[in-house]
Every structure is written in structure tokens, then in C-alpha cells.
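These are the structures in question, set out in turn.
Below, chain A partners chain B and then partners chain C, in two separate complexes.
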Partner chain A sequence: METIHLENSRGRPKAPNPEQVELKFSDQAVQELEALLTHYPDKKSAILPTLWIAQREYGGYLPPEAIAEVAVRLQRSYAEIEGVATFYTMYHVGHPVGRHLIEVCTCLTCQVCGAYRIAERLKAKLGIDFGETTEDGVFTLEEVECLDACDRAPVLQVSDAYIGPVDEAEIDALIEKLRSDPGSGTIRLADEIVKAQLHANEQRDIR
Partner chain B sequence: MPELKLLLKHKARTLDEYRRIGGYAAFQKALAMDRQAVIDEIKKSGLRGRGGAGFPTWIKWNGIPKQKTKRHYVLCNADEGEPGTFKDKELMESTPHQVIEGMMIAGWATQADVGYIYIRAEFMDCARAVKSAIDEAYAEGLLGKNIQGTGWDFDLHVHLGAGSYECGEESAMMSSLMGERGMPRLKAPHAPLPTIAGLWDSPTLINNVETFACAPHIIQNGGDWYAAMGASTKNSRGTKIFSVSGHVNKPGNYEIEFGTKLSDLLELAGGIKGGALKACIPGGSSVPILNAESVAKAVIGYEEIGEVGSMVGSGGCIFFNEHTCIVALMWRTAKFYMRESCGKCTPCREGTDWLFQIHDRIIKGGGRPEDINLLKQICAQIDGRSFCGLGDAAAWPIVAALKVFPHEYEYFIQHGKSIVDTPQSKLMFPYAEPVPV
Partner chain C sequence: MASLAQEPGLVTITIDGTELQVPKGELVVESVKRLGREIPIFCYHPRMKPVGMCRMCLVEVGMKQPDGTVRMMPKPQAGCTLPASDNLVVITDSESVIADRRGVLEFLLINHPLDCPICDRGGECPLQNNTLFYGPSTTRYVEVKRHLPKAFPLSRHVTLDLERCIQCGRCVRFTEEISGDAQLAFLFRGAAMTPRTFELTDLDSKFSGNVIEICPVGALTSSDYRFRARPWDLETRPSTCLECANGCSVWFDHRGGKMVRINGRVNDAVNEEWTCDKGKFGHGYLNAPDRPAKPLIRKEDVLAAADWSTAYQQIVAHFEDGRTAVAGLVGAKVSNEDLFQFKRMFHRHFHSPNLDHRWTRILPSQTEGVRGLHGIDEVHTRIAEWESVNAALVVGNDLASDQPMVYLRLRKAWQRHGAKVVVISERPTYADHFASAVIRCEEGKLFEAVARLSAAVLQNREGADALRAALKPFAPDAKDRAAAEALKGEFFTVCSESVYAKPDGGKTVSALANLAVGTDNAQRFNLYPVGANDMGAALLGVHPGGQGMNTREILEGCIQGRIKSLWLLECDPFALWHDHQQVQDALENVEFLVVQTSAPNQAMQYASVVLPCCAHVEADGTYTNIERRVQKIEAIWRPKGDAKPSWKLFTELMLRMNPSRPIFEPSELMEMIIAEDESFAPAAYHNLEGNGACLPLGVDAGAQLFMEIYQ
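Now for the complex of A and B:
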């Protein structure tokens, strides 16, 4: 097992000094947060949705400043917010991920339907292993557990879309298509997740 | 037996379409009924929870205090994460109003103030469908203040997860919804039931998506009508959706009446593909694996499937053909539980890691003769000693595989390679060839 070194570039980043926390949420984000807070009896319960807002606002991941901003806005401690965020696999805490996150399901049904061959192909094409990002910052590859779309095995998740069944021959075209998409699927997913939790009347009020 | 479609009969994404197939008539009917009468219909129906445990639904509904002293909550478990299952996904995508109507009926029966539908964040198509259905329901006055002039207020919110299988466990889901790490809480008899102290220490009713989706049908047609389906079984009533995948010709969701034979389900899914039937995991990765002989005998029902040694679970039914290496399959199962263990209790956190490591050395060709006993011992120390059901669920499949397919383990350990030596079986291994360590 890998030891985590605090000074290591992939290790746990340092928390910013509380006095130095700069609040960077856009007006839209602040209004979204206000609307979401009305869904729960206390601020603590809005931690997950607020982390999603932060992940979008900070460019698809959660640097220490994003954790700090969530903590300040919800009046919780940095440690608590970081502790919550690190539990969930879809928050990218501390280190940026690629503009396009390709997640390969290798769980049971996908396993027997050839997911590891798909994964091999992706690794070879992108020149990275699971958990790594290409040098140009475009792709991150992850191995994920059952996406619960096993009727379409083998399945990939690319941002907010499922793709499946995929075969090896389609991989090259998929990568080219994504490479030429200048937008960030990672940010788009966070944005979609925030929006799906807002009611129509709340969205109308947000400018 | 053919399919019997109730929940999957229609696709109706919009409110208009849903109204056209009789949508929200059951809700109107419930509003005119006494609250207890609604619960009594659910009792008569014999409905059991579709999330995995098969707990009688009416007991939960009836357990919410009738004298209201606090806010009451309804929580829909839409975190579908059990490997092999994709029924809640289809229910939310194709008929979101059916799920919402079920939650509204439950909300009315239990005097709830607010409902949440906790959807896994990967399911964006579901989240968008449910969100727009909720928007439509608000616009028509089906949700919100003073619903249909009854004086009852009920709000419904979508809450998305962030990637965690454990958040499907009900108390972990509540932790997560309250802004915590998705770890489970102490349960009865050591702590009050969620129906007394759930979300924010208030009475909370939690059911699975499919369970809620059954409610409108039961209220509309009566509990007795519902209970007539599946009457050939001991104690399983109505229909159940099975998500069929693996080596079958037509993978997909199939809704059948309880009492249907497992082999009929396989036929519905187009039969086995690429070779003879070898094994089946009938109810999601957590349930014990069956061999072809047991599949031929099995009848689908909570008690009936138990007779061949497995469970209905969540209905995630995976069939495997003869090219499947059981050891490799269990290696991947062990990996799933290792990665998803929340880490709160030692037997599961450490045990799932060991189960994986031992399987890993076996499939790399470095298995030791004592590994079979070691696996059995570790499973015995996880099962029943873990804080929540995930630990037990990590042990059961392996215990079953060691019992049903012991020769596959023995062969692999002795020869350093799988007994199933076909090109197709190689697909299951992440390492091109088993490499000796």
C-alpha cells in the first residue's frame, strides 16, 4: 500500500489560512446555494450540493481554496468539509482531473463482457493507467464500480453520459471526438448535478 | 410464464402522458381516504420492500407516529448501486411520475412534510427526468402548499449523491443526506428505528424506488387485487422487476409475477449466449451464486429462492455461460466490496481487503493450498460481525462460490491457472495471462 506523504505533490494539500480565504463563487453560484439551503432544515445538510457547486466554480475539482470557501459559506470547519468530500469518489479533492473523465466499469457483468479489453485499449491509446491524467490535461482514466446499466455492458461513463455497449473499435473515434470538444465534461457534469437539484421556480429567479 | 407488466407497462415521461394512462388517479383516491385505510391497503397487498431486504412495507408505513410532534419525512432510495441491477434507473427514466405519485401517497399516509429522492449522481438521465416531473407536479398544484384543498403541504426535493455504494444502505443514506460521510448509524435494538428518529432525528419513511412505484397500483386497484398476483408462493406478492444481464441474448428489465421459474426468466431474456449455462447470481452481487442445476429448480419468491440457497435481493440477475471462471468472478466481487467498504468497522474494512488480496494472488498463479480455508475463516469472521449489511454481503458470495464450485478454486491453486481454459474466459482477467508471483 502506498504511503501518503504530506509534502508529496499527490499528497494532502495544505489548508489555507482562514483569514486568507477568498470567496470566489459567482453571483449565480451564490443564488443557487441560497435556493438549495431552503431544501434542508440546517446548513450542514447542504454540504454535498455545495461541494458540487464548488467543483463547478473551481474548474472541475476541489482545490483547498474550494474546500475553504464551502466551509466559510456553510459555517463549518475546513476539516469537516474535507472529510466529507474525500469520502465520495466523484469529488476530485486536491488535484485537477482532465477535461474529460473517462470511467470504465469493470464490475461483474462488464467484466464478463470484455471491459478489461476496453480498458487496455484506452490505456494504450492515451498512454496512461487508471487514476492518471494525460500530460496535456485532456483525459483522466478511472476504473469504476457497477454503473448500474449492465444491460449495456461493457459501459463507459463520460461526463454526464453513459456509453454502451462499447467495442474496442469504437474507442479511437470516441477519443478523437472528445479531444476536439473544447468544453470540459467534468465541469458540465457538476453543473448538471447542481441544476437537477433546483426547482423550476428557483431557477427562474437565478440570473 | 410470460412477463406480467404493471410498473413497466407504460412509458410516460410527461405529466400529460402520465395522466392519459390514469396517472394520479390513485393519489386523488388516497386523498379521499382515511390515512389508516391507505396503510391497510398496503398491508393487504402483502408488498415487501424491493430494495433488497424484502421487509413488509406496511410495517414501516404504520410505524410512523400517528400523533405528530415533529416534522415527518419520506425518503426514496434511488441510489441503485448493487452490481447487476438497473431497474430503478428504468423506472425513473421512463415513468418518473409513477415514483413521485407513490411517494406522495406515502407522504399523505404518514403525514409527511417533506420528501427527498436520493439519486446516485451518475444517473443524470434519471435526475433530469425526476426533476422535470417534480416541476410539472408543482405547476399543477400536486405538490406544494394546501394540495388539492386538503390543507396538506408537501414538498419534494431531488438530492444527488457523489459516488458511494454504501450510501444505498438506509442509515448511511441518511448520514449522507445530512451532509456527512456516507457511513451507517447504530440500528435497532440499540437505537430507535428510522420511523421514530431518522433524518434530523425525526420520523422518516425510507423505501426503494420500485416499492414506491407499486403504491399507486395498490391504492387504485386494492390490496386484494395486488395480493392475488404471486399467490402460488409462500409470502411474495405482486410483480418484481428483474434486471437481467450477462451472457444472455436480450439483456434488459423483465417484470414477472412471483412464482415464475428462474429458467423462464432466462428464456424471457432470450436464453443463454455463447455456450451452455453455468451459473447465475439471481439478485445482485450480494447474493449467493447458483449453478445450472439450481437454476433449473429455482422458483422466484423470497422464500422459494431461499430453498436453492440464494435470495431475491434487488433483482439484479446475472447469468453466466460455461466460459466463466468463477475464481476470477469472485476476485472481481471481492474487489467491489473492498473498494466500497466505508471503513467504519474493522471486520469489513480489513476483511474485504484480505479477501481481495487472497483472490488476487490466486488468479496471479500464486495461490496457496491453505487459502481455501483462510478464505472461509475470514468470511466467517466478517459475516454477522460487521456494523452494516455490506460486510455480510461481501462474505456471502464467496462462501457460496467455495461451496458450489470448490473444484475451481482447488484447480486454480494447484495449477496456477483457471480450470476454464478458453479464449473467452481470458477476457475476465485484467492481466493478459495469469503471471506467477
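Now for the complex of A and C:
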């Protein structure tokens, strides 16, 4: 759980004035947002997909500026957007995640099939614990509950792909393969989710 | 049991074996109150939508079948989200309900720190009370409780103790539903769920203080009140807030001669139960250590304590029969009785018409105001009526600052039935977020903006040809035309006298009145005052009338030496008048300056005589709010030191100048006011119990247009 630091109340920073929030969405993102808004009766309903756009635009995670931009674009309050973003675990709020997000399922089936051995192996190899990111910013390791792929237990979710069943011997090769991948899996995942929200004709028009 | 005859709109339900009729759809938690019973609650609040978050209100529910048997639902239901429908059977006191309540409280207390002995809420805490009455005496949970920051300042006023939060969402819903700034939201989830501001920025809502009161535990506490007292140590007295002209009902809590906190008091006609932060946190001056307690008289450059009779002597010497060489200026927090007596003293004994209570740049004379130019009253709409308006035009400064309660009602109108609101302002305002159109104009261009909108509104209407012709030079743009859509039918206008502080304020007001008159909406026009008793001062004639000098002329008069003696009653010109240099010159120049004040102010440096006077909680008196509701405030404390109620002071002075029958009670003054001005008749003291009494509004003399402003 995040700890909050006590500060002098008089020094509490002010929330940014909506008119001064810097809007950084690319042209493509703006078009996507406009298309998405037509799917819903009001702007509030578009918060989740817009957060995905923001997560892609801001490099795989949601810094405060991203939350603010979503709030301004959807005319909702900052706090409301932050509340939604922190509710769902697939949005990464506040701190950057690595280019590749490795999520280890340690729920029942995977556990029985050796998920903890896999997890230990990953931790040793990357030198990080669950919830941490390697210093070079390439990998983030997370522990997750059932990924709904018990038939492939033990299973990993690596950004936008499920890998499983895995065994310890494959871990080294997997890490090397990911390390040599210059793209960012987390951004790719966000992009795919945004695309999945758009109708085929909208996708065509925006491309 | 024989069924009751059915009335339309009512349904028959049974609560704990008693059959009763309630409006269809009424929430069971409310219906139960009709029987004098109670369901324990946390998250439910009668003025907000129910959410069913805490489960404290579980009841057993069933349906009466045609054969007379009752089919119970297998699981308990939340009474706060359950609407009454025909044949509903509710049981609030069965074994299983009692067990449910115990269970819910045991759950809610899993992580609650139980630090009641050091909690501000202890003694008035719904969680404490419900646990005492409905909860288990001990718990089965032995796990370590979650630990979180104990005193996190969300703002200057509100301190959050996260460990105590029971996640009921009242605070979050208040900012979303009532104040509308949505500055609080729940972040994270599960046990980590916390009500917070975005990125822990300042909770600078204009209504933030209310969340302290509605939090059912000690999670949101007042930074000022923290650890100052236990509720049972406090003396709680009803009073009225004087920080603005809305006159909200409040509870005034004091202890050992010090104000410790202000809480909202239910008054459905004015503030429902809310307060704004100005009022809730703005009474600190009452505790100032250096409030004048004795008359002070200047002797060789220093103010020295003196007795009343010397002070009176000097005042009489300088003011009696001073005619046009003496003048009086008045602040906003002066009661009707004080104002009336002050005016009488000036008119009868000083023979001076030079009185004013206004401090804005523009000081319209009798013939220039709304009444003079347009023949309509300044005020037509009562505060509670704002929640049922369908369309409104809001002009000038932020409505939430000038008229907080009108703002809350108007927002409610938008939320409940989609009232259309058009805002014209120079700066962002609170009402922007629900306005159907916002016209943001440059500084100093308010008048043009109103004129352009007027032209657009008239394009949609028949009649008012003269006005339409006069508005020719103001061509509306697309934005104005879009805004005018919202004002097609009847609409209410609201503006505050603070607009007179702007250079084009007079023209703006006139243009608004023209628009209202030209569209047959004169009955819905409002120009509300801003200072606590500005309305009273205006009604009682504490202004120059036809012959006297207004505030500006008085200050100029002091500089030029035409005014020899000046009396400042509960006002600090340095804080109120826009031109500091002018104030300084005036006060330096005037020969004799009386500063009568309840709190130390800058003008005292220049005073010849300082008279201590009572603050509103130290003397009985009545005050007139924006909707001409006269409310009585009763003395809560003894006056500080030798201070006396102003009316008494004036009476004593008048007796010195002209021995006659003295006045002993402020109620006698009210009788005199009524004798002089019929319209005050409803405000006789015996009528003022409870929420006070309203004087007539909307006394129109025959609406007129005034076109010269457009030239």
C-alpha cells in the first residue's frame, strides 16, 4: 500500500487549472478518442478506453499529467479519473513500468504446476522482487491471480502475450529474447486494447 | 388487519407489524422514521443519493401475498436503497437483523483503530453510537490492523485520518453531488481504498468544511478544531452566520469564552444543512486576543483607555448638530436595530444625511439603481425557489463565492431536472461545469457580453422592439446565439452587488434589468447584496437618500475638509474601499474620527476615539439576508470588557443630547422600525422564533426599460 507523507498543510500544492493542462495526445490519439466518444451516451462512459489511449501515449503508464489530460478531455474531475485508474490493476498509475511486464500467475492451478519455482527463477535472473522494475527499465515483475489459462499452467503474461506452460529452463532464453526486443510490450498492449475498442471502419479511417 | 383505504401516490407497507401508508418509492429507511423507529445507517444521507455501501441498514423484507401470508426474501436487504412498494413487509428488529448488524459492525471495525479516546468525533460519532447500540461487545479478529497516516492535512481546513475511514463514500459523494467540484474520489480498492484528492493536491473546495460534518467517523476532522475540545465540553447554541448575506443557520460551539467551531444547522429555507467554508472557518476574529474592550481616547498621539462618559462628551462635542460636516460609514455586520438607531441619531441629533453602507466603486443613487431606472425591485426570488428554476442567467463574479446557497440550490436544479444555466463572467466560476453555456468575457467587458446575449435572446422572441432596436450595435456571435437557446422561455437572473465594484457594473446591472423587463422576466430578476446585513441597511435607509453624501463623497469630503467628523461603525475602509491612498488621506485629514469596532482594524491608527462594540454573538439583534428573511441572533457570550451593544450606545448618546424615554430592549427598536416602515411588520420579535420571518419581495412599481446605457 502506498504510504502518504505528512506535509505542511499550507504547502499543499494546488491542482492544475484545467485551462493550463498540457494536452499531449497525438493526432491519431485524438481521432481515436473522437471515434470512441461516439460509442457512448456521455463522456463519463469513455473513461476506461481513454485511459488506455493515455497509457499508450504516455509510454506505458499513467503519470499525473496523463490523468489530468484524460480528465480535461472528458470534462471530468481529476480525482474521479485517478480513482478509476487506481481501481483497475492493468493501469499503471504514477510510476513507470518496464518495457516488458512479466506477470506470473500464482493462483491455484499454476501454483500446483510450479509457479513459485518459475517466480523464484525470474526474481533471481532479473534481480528484482514482485512489484519492482529492473534498473535499466526493461522488466517489471508482477504477481497476479488466475489468468484464466489454467490449461496452460504455469502461465506467464508477458505484456500482450500469454506464455505457457513454461518451465524453469526456458526462462533464460525468454528473458534474452525480450531484452533484445527494442519495442515496448506495455505500449503494444495498450495499443491493441485501444484498437480492439474501435470498430473496423473507424480503425480504417484513422490509419 | 384491515387494509387502509388506498390514496393515490401512496402505498401500504408494513413495518414491524404496523401497517402504514407512505409515498410510493420512499426509501424504507425514511418510512421507518415515520413510526418513530430508526434503522442504523452510515453511508445513507437524506440529501444525497443512496448507494448502499456500508450495509449497516440491513432489514428483513417480504411481500404480502394475496392470501394474506408473507413471503420473506431469503436474504436481508439494505433499507437505504429499498423503495417502498405496495404490500412490502419490513422487519427491523428480528433476531436475524440484530445478528446482521452485529456482523456488519464487526466487519467495519476490523481495521478501525478504535482510538476513540483521542478522536475528535468521540462522543458524537455515529460509528461509536451504532457500535454501542447494535454492535458486538468484542471482536473475533486478532489480526494486526492496517496502519496508515494518522493526520494527513488535505487542506488548510480538513485533516484526514485514514485509519478511521469506514469507506462509506459520504465525503466523495458530497463533492460530486452537492458541491459539484468532485475534488474527492476513492483511490485504490479493497482495504486500501482511500478518499483523496487528485495527487494529494489541496482540497480547496469552497464547501470543503461540510465533509467534516457528514463523515460518520473521525476520519475527516477540522484542522482548527482538532484536539481543542470534546463535544460534551462544548456549549452549543443556535446562531446565524454573518460571513455573507445568505445568513445560513449554524450551531455555534463555544467553550471558555472562545468560539471553537461552527457547524451547519438544518434550515430548509436557507442552507438545508450546509455551510460554506467562509462561514464555517471564518469566525476566528471572535477569538482575537486584542479585541478592543474599553473606550480609547487619543491623547498626544497615543490611544489611552478612558471611560464612556469622557468618550461620549467628546463625541457629542464634535457631532451634535454637525449638519453636513459630519458623516457615518457602516460595515456589513451591523444588526437592523443598530442601523436604525444609528440612522436616527444622525438624522435627529446630528442633523446629517451623510450616511452610507456601500463600499463598491459604483454607488448608485436612489434614482440610478434598479428601482430608480427600471421600476422593479432588486430581489424577486427566495433562496429555496432556486432549486425549482428551469433556466437561469448567472452574471458577474463566482456565484459560489457571492451567494453560496443560491449556487447549491441552482446546482440542485440542474442535477434534479436539468435546469439550463447560462454563465457570463470574466473568470472561471464554480457554476461553469454544469452551465449549458459559458460566456467568458475579457476583464471589464461584462456589459458588452450582456448586451450581446440580450440581442441574441431577443432574436428568438416577439415584442420588445424598442429594446431590440437599441441593441443594434451589439451583434451576437454564434456562442451568444447558442447560449440564448437556453433562455427561450421564462428565466431567472442572478447577479450580486459585487458587480458594482467593476467599472461597468452599473451598466451591466441595467442591461440585465432591461433584458428581464424586455422578456417579461422582471418577476425573476435578482440583484443580491453581498454583505451580511447590506439588505437590512438598504431597507432601513442607511444611505445618503436624496441629499446626503455617499461613501466616495464622504471620503473626498474628509480630504477637502468639508467633513470634520467621521464615524466608522464596524467597518475598516482599508479593507473595503478600493483606493487605499484615498482612505489614508481621508482618515489623516479628518479632524475627529470615531472608530466603533468589535475587532482591531487598520483605521484605529487614525482614530480620535475608539469605541468597543459587541460582535453578533454578544448582543441580541436581527439581520436581513438576501431573500429579506429577518433572522434573530441571540447573545451567546457576555460582551468583551466594557463593550456594549451598539444600539445601546447610540441610545445613551441620544439621551445625553436630548433627554427622553430610554430604550431598554432591541425589540422596542424593531417596533419602531415597523411603525416607520410597514413592510417590516412580519419581523416583529414574536414572529422570529425558528427560522425568522420574510419581508415582502418583488415590490415592483411598473417595469421600464432604460436605453441610454447602449449609446
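Here is the rule we go by: the second predicted complex is superposed on the first by the 187 of 207 C-alpha atoms of A that agree within 3 Å, B and C clash if a C-alpha of one lies under 4 Å from a C-alpha of the other, contacts with A are read in each partner's own complex, and residues count from 1 in each chain.
Everything that follows uses one rule, which is that contacts are C-beta pairs under 8 Å (C-beta built on N, C-alpha and C of every residue); 3 or more make two chains touch, one makes a residue touch a chain.
Since the model is a prediction, treat every value here as computed from it, not as a measurement.
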item	value
Which of chain B and chain C A:199 touches, first, second, both or neither	first
Touching partner for A:48 - first (chain B), second (chain C), both, neither	first
Which superposed partner A:67 touches (first chain B, second chain C, both, neither)	second
Which superposed partner A:136 touches (first chain B, second chain C, both, neither)	neither
Contacts of A:153 with chain B and chain C, given as first, second, both or neither	first
First (chain B), second (chain C), both or neither touched by A:83	both
Per-residue contact with chain A, leading partner among chain C and chain B	B
Contacts of A:27 with chain B and chain C, given as first, second, both or neither	neither
Contacts of A:12 with chain B and chain C, given as first, second, both or neither	second
Set of chain A residues, in rising order, touched by both chain B and chain C	83, 87
Contact footprint of chain A on chain C as seen in their complex	146, 148-149, 151-156, 159, 162, 175-176, 181-189, 191-192, 196-202, 204, 223, 428, 433
Chain B to chain A touching residues, read off their complex	71, 80-86, 88-89, 120-125, 127-128, 130-131, 134-135, 138-139, 155, 157-165, 176-183, 200, 243-247, 251-253, 281, 285, 316, 318, 320, 324, 328-329, 332-333, 336, 339-340, 342, 427-430
Touching residues on chain A, where the partner in the complex is chain C	1-10, 12-15, 17, 19, 64, 67-68, 71, 75-83, 86-87
Touch list for chain A against partner chain B, complex	39, 41-42, 44-49, 51-52, 83-84, 87-91, 106-109, 111-114, 116-117, 119, 145-153, 157, 160-162, 189, 192-193, 195-201
